[in-house]
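One structure below.
Naming follows writing order (A, B, C and D), and every chain is counted from residue 1.
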Amino acid sequence: MKYRREASLIVLVGALSFLATLFDASFVPANAIDILINSIPTMIISCGVMLVIITGEIDISVGSLLGLLAATLALLSSTAEPGLGIHPYLAIAIVLTVGTLIGLGTGCLVVYGRVPSIIATLGLLIALDGAQDWLMGGGDIKHFPQELRYLGTGTTIPINLILTILVVAGTGLLCHKTALGRRIYAVGSNPSAARLAGISVTTTKLFVFALTGMLTAIAAILWVAKLGNVSTSTGAGLELKVVTCVVVGGVSIRGGRGRILGVVLAVILITMIRTVLNFMDLGSEAVKWQRAIEGVMILVAVTSDHFTQRNQPGGKS
Amino acid sequence: MSRTSKPLITIENISKSYGGVQALSKVCLNILPGEVHGLCGENGAGKSTLIKCLAGVVSPETGTITVDGKPLSHGDIHATEAAGIAVIHQESTAFLDLDLVENLFVGREIKKYGWLNRRAMERQALAVMHRLDVTLDLHTPLREFSIAQRQMVEMARACLRDCRLLIMDEPTASLSARETKTLLGLVKQLRESGVSVLYVSHRLEEIAELCDRVTVFRDGRLVATTPIDQLDRNQLIGQMVGREINALTRREEHAGQTDEVRASITGLYSRGSFSDISFEVRAGEILGIGGLVGAGRSEVARAIFGADRYDQGEIKIDGASLKKGSIQAAIEAGIAMVPEDRQHQGLILPMSVSENLSLTILTEITRHRLIHHGHETAQVQHLMRRLAVKAANAKMEAASLSGGNQQKVVLGKWLAIKPKFLILDEPTRGVDVAAKAEIHRLIRELTEAGMATLIMTSDLPELLTLSDRIQVMCEGRIAGQLDGATATEEQVMRLAFPRSEAQLT
Amino acid sequence: MKKFAYEFFLLGLICVVLAIAAFLDPLFLSSDVQIELSSEIWELGLLTLGMTLIIITAGIDLSVGSAMGLCSVSLGLCMHANLPTGVCVLACLATGLAAGALNGSLVAFIKVHPLLVTLATYGMYRGFAEGLQSATTNAPVDASEGIKALVTGNFPLIQILFTALTAWTAILLGRTATGRGLYAIGHNEEAARFSGIPIAKLKFWIYTYTGLLAGLAAISYSARRSATAEAGLVLELDVIAAVVIGGTSIYGGRGRIAGTLLGVLLIHETRQFVDWYWQRSELTLIVIGTLLILAVLGHRFLFAQDPDTH
Amino acid sequence: MNKWFSSIGLFVACLLVIGCGGRESDRGDGTPENSNDDKITIALLPKLKGIAYFTSCAEGAQQAADELDNVELIYNGPTTASADKQAQMIDKWRLQGVDVIAVAANDPAVLSESLKKAQDAGITVITWDADAQAEDRSFFVNQATAEAIGSGMVDTMANDLGGPDAAGDVAIISATATAANQNEWMKHMKTRLASYPNLNLVATKFPGEDQNAAFQDSQDLIKKYPNLKGIFGISSVSFPGAAEAVKQAGKTGEILVTGLSTPNDMQPYVKGGEVKTVVLWNTQDLGYLTVYAAAAIRSGELKQGATEFTAGRLGKKLISGDQIMLGDILLFTKENIDQFDF
């Protein structure tokens, strides 16, 4: 069963939708688009982190990076104090560049510095969070130019959703239709063999880290465009959500395996849990347990595979 | 076969050292077009390093390599490929998560307008599989293939390119006799079509059958390059080790064998792996299990040792039945196992020789719940002497030992528990001739002292010389039993092949 | 001595930090200040003991901070219900034990990757802590009665306990069969299994032990502050950072308690001094993050004996 | 054995370093605390750094410090609303020997111990913005009690929705479920809501510090409760989140959002109409008053039992018991919001 994981995720998404429909008959039509839109930052970054995990590395700095980039964008483009009010397109270009460069820097630490990626990105997670707070200084930044907000709130055409679909489709094509994608899988599957096959492991890893940086920048831009507000807490905790989505989506934490479809479904699933719980009449007491319920559901999602596969013989690791 | 005097590849004065150890020193060698050139030598003699230099994986410190008179730039995989050199490396270069087509084309995908051209790749894959006469599903991840099938994929990968020199580093190490035969046939076919082959193997039979010339390495130096027809087996071994080795002789009588049943296995069954496995091993007896790779031998060994679970059946050691799926219980009952994969299952490479050797006897060397270093050292020294492990000292990392010495350490760590029943799964794979002989001697000695031994091996001469009795497995079942003293290779092979195929051959 | 080169390197780094401190503000180094500030080190120290064992087996536990929060809340609930102090403490430790055992059994018996297990329980334990607290007392519980004695006095119980546990863990790791087994698992789990080392048992045990330590840390924290779901928030990052700075390889197989202690000390002194002198919370984060990366880089380039592992 | 000697050696060396450092500074010590008797060092601790509310408080505080030339102001706080981090900072300031610590308490219980110790060390402890336990501080600079804030928000909402007979569903979006201040406010909000029988509290949400979650919760509430008329966004994350959700749902004017915020911060939404009224006080004045009070208490000008106190440009301020009153709650609307700049 090649698409076993995807199938079970679809079943789960269906089950949750059905559950919510019991409480509100029009749940699906009323919320489908909004759930997708709300999942955008997670979705876009998950595409990058998925590739990183497929190469056998991990990036847990994306939450802080998103925060830092959002703060940078805000400072550059906001029309009120303390923003510089430079043209939004220029600001976007700068943020994309900065994001890519930081991603590349992370890659260099991992590839040339040979710092284990989980440690390098843990250090960055802490340090970039501090840098974000440092940049933000005074308080929330609002007052963004209309060109920028339009990316997130253009009512008739959800530009951000279209962009996200492009990113997801691009990642899918990259994975399955290009030589580079093949090499990403090969590097994660067997690094030494990849080297012998003439693949540059170094370049491949640098590429996925830089790409993740750039995707994080795109997510940061869309985040600002959507919410119109940047604070010191922007992006906090996003990295864990992203990693959760990627692994629930069936990407092997050991590298080499995983498909974009599973990740997309997992992002939708994890984003919709909140909305479904909001639509169920949990009552004022139960709502306090919302985070615990989410936690249990994620634990179940992460471990369920192992429970079902346990009895199969000869499971080689 | 046309022999032009002009060599395809000329290697001159290649030297390479790793951290002070001279792996290759001033090696000169040439390979003629259309010849199969054998490369022999004990482990650590420098064969693999030479291959890596040729393949562009490592760059030699001095010397030149020329292909058709044109110098090859060092350490450049792509230049090597462009020059028409293909390598099948010793360590597995399979990408287990990728499917067959993806594996074949990794690193040199066929593209059309920048996108992968899947159809063209599938077409070429089918063509090459046809040429190799193997049928494998193109879209199954390699994880689901057997070791031998993976080896075939590697062959196919090398054949895919129009290479002029194919380097094969112990390609048959994990292949069964039948698969080896297919492979040798294929090499001959390549030779016919004018491809040169550099063939590395420990199996002298293959060298003799296949090669035109043989080059022997010892301690990083080239000893001699000799046409095969001017060399006999013992001379070859002599060149390799620098001294004479007593060739293996078949066990003449069942010395020390008793009627006391050590291990009895009845009706062992594991879904999808093996069924109906029943046999007994007596104290002082060596039971050999032959069969093709993938016949289920390793799986049986693992099940007995408790490494895998099984669905039905019973294992008794000295009459007491053994708990299922627990290695600790097996060890307590006196079972020891030298596993198939030395690097991953047998040894902990980054740990010292001493720590590896004492891993199985931790409770024994513990006093007041603390490890007693005096006891540990004493035990380790004793084992190292007994097995003649060649290591500078016991604190050396196991990774720094040669393959043969590593295998001795694995054996040693099990001898430490004084096992009643020893299971050996491919005990001499990738082990040089001298170490192999020592390991064989040791197995016999121990068995004669009253141990029961079960040996699984793809190496037919080893199976025939060591075993008192031979059972042959085929497709997860025991196909038949032979007497060790009289069995022949043909008898074993006949039992090893599935019925339908046996008729064909 | 060569074996402990990295530990001396850490010691040197600590000296550098302290020298800078002495130069900028000698008051920071006075024994009064150091003793006072050290009250924050015990929880970090306790958790790193368990984390070192876990990381040596190539595992990880992201949930320690959350487990600590859950333990603190359960302590608070018991105190709120006016149960005897002994019962409260036991309940707190039992919660930690249970949280650790859940992690341990999923990792050891169900064989889920520890990163995934603890990533999930990280959110789950904190969620339960917040849920429990807001559904019952809806505020932190003052735990000063009864357990305060644990953290006060000339030789507070928590310090004695920490010292004892450190010694015990160090001996366990360096001198016993169990310790050998843990290193073996970290280097090569398959080979360790084939050598008859009870992998599942050991793994289960270390995660459970870490849970128990989280319970202890929760008691220490609650006695100092109050019993609250906030206990141990983002502490896991410091714990992992301290262990890794201490020279334990995230890939498993390498690490010592001595290094971990120095790692704890280095992180502690750095953090406290940056906080103390510059008074910018965000700067502290930048410094700690950078320190982590630099320490690992330093280890790689100055002490790497095994440049090609992974 | 070698290992053991080395480990012990390490520790001895370590202790020596710390010990030497200790001795050294003991010798040269005794100065920092009381050296500058004429200078009063005031440490101002907000609930958290980096939000507009506390930044504007800090600006006011700095004005006061500049006016009073004998005051040195330290402003630092945790980056999330963590009482634990606050306690750590209080401990450090005590050791550094500041003169006054002014705290906006995230949690009275958690801070209690640290504040007591600070007082024992002879440091003047006052609270501002959010009170600690009464025995842990001398004065509380009271801009509004939790009760006043809670009922203020409810009254504002009811007023905007049509006075005492206001009818419809309302919802609260808080921070985390354990956020002490928000829980305290909610308690009073619920009490106050009882006096508006037609206002029906349908849901309370806890999105934490996650902007996206706050937005998502508001969006879901708007859809789930068609009769929703008002949302209380009672944290610095949930207030703009809710306003933005109302705006994007096209419900501007139909659903009102209210909460606590500085006028500058929520100005776009007040102008836009999603927020009719923002409840707050003059935050700059709060910081200003706190510093003035701190200096006066430290220098002995202001003692327990006083009923009045002059604070620079603010003039006379009333004192009731141990609480220094800032004055009334301000309501910012479209009409007056441009007059304020903080």
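By definition in this document, a contact is a pair of C-beta atoms (placed from the backbone, for glycine too) under 8 Å apart; a residue touches a chain by one contact, two chains touch by 3 or more.
Only a predicted model underlies this, so the values are computations on that prediction, with no experimental measurement involved.
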item: Intersection of the contact lists for subunit C and subunit D; value: A
item: Path length in the contact graph (subunit A to subunit D, fewest steps); value: 1
item: Higher-contact pair (C-beta pairs counted), B-C versus A-C; value: A-C
item: Rounded Å distance between subunit A and subunit B, as computed from the means of their C-alpha atoms; value: 44
item: Rounded Å distance between subunit A and subunit C, as computed from the means of their C-alpha atoms; value: 29
item: Separation of mean Cα positions, subunit D and subunit B [Å, integer]; value: 71
item: Shared interface positions of subunit A, touching two or more other chains; value: 129, 133, 288, 290-291
item: Subunit C residues counted as touching two or more neighbouring chains; value: 130-131, 134, 190, 280-282, 285
item: Which pairs of chains touch, using the document's own definition; value: A-B, A-C, A-D, B-C, C-D
item: Subunit D partner contacts - residues on subunit A that touch it in the complex; value: 24, 30-31, 34, 38, 41, 80, 129, 133, 136-140, 142-143, 153, 155, 223, 226-229, 231-234, 236-237, 271, 274-275, 278-279, 284, 287-288, 290-291
item: Residue ranges of subunit A in contact with subunit B within the complex; value: 173, 176-179, 182-183, 185-186, 188-190, 192-199, 252, 256-257, 313-314, 316
item: Subunit A contact footprint on subunit D (complex, rising order); value: 49-56, 79-80, 177, 203-206, 208-213, 215-217, 219-221, 223-224, 236-237, 240-241, 244, 248, 250, 262, 264-265, 268
item: Sites on subunit C touched by subunit D in the complex; value: 1, 3-4, 7-8, 11, 14-15, 18, 21-22, 26-34, 36-37, 39-40, 130-131, 133-134, 138-142, 144, 170, 174, 221, 224-226, 228-231, 233, 258, 262, 265, 272, 275-276, 279-282, 285
item: Subunit C-touching residues of subunit A, taken from the complex the two chains share; value: 109, 113-116, 118-120, 122-134, 240, 243-244, 247, 253-254, 285, 288-296, 298-299, 301-303, 306-307, 310, 317
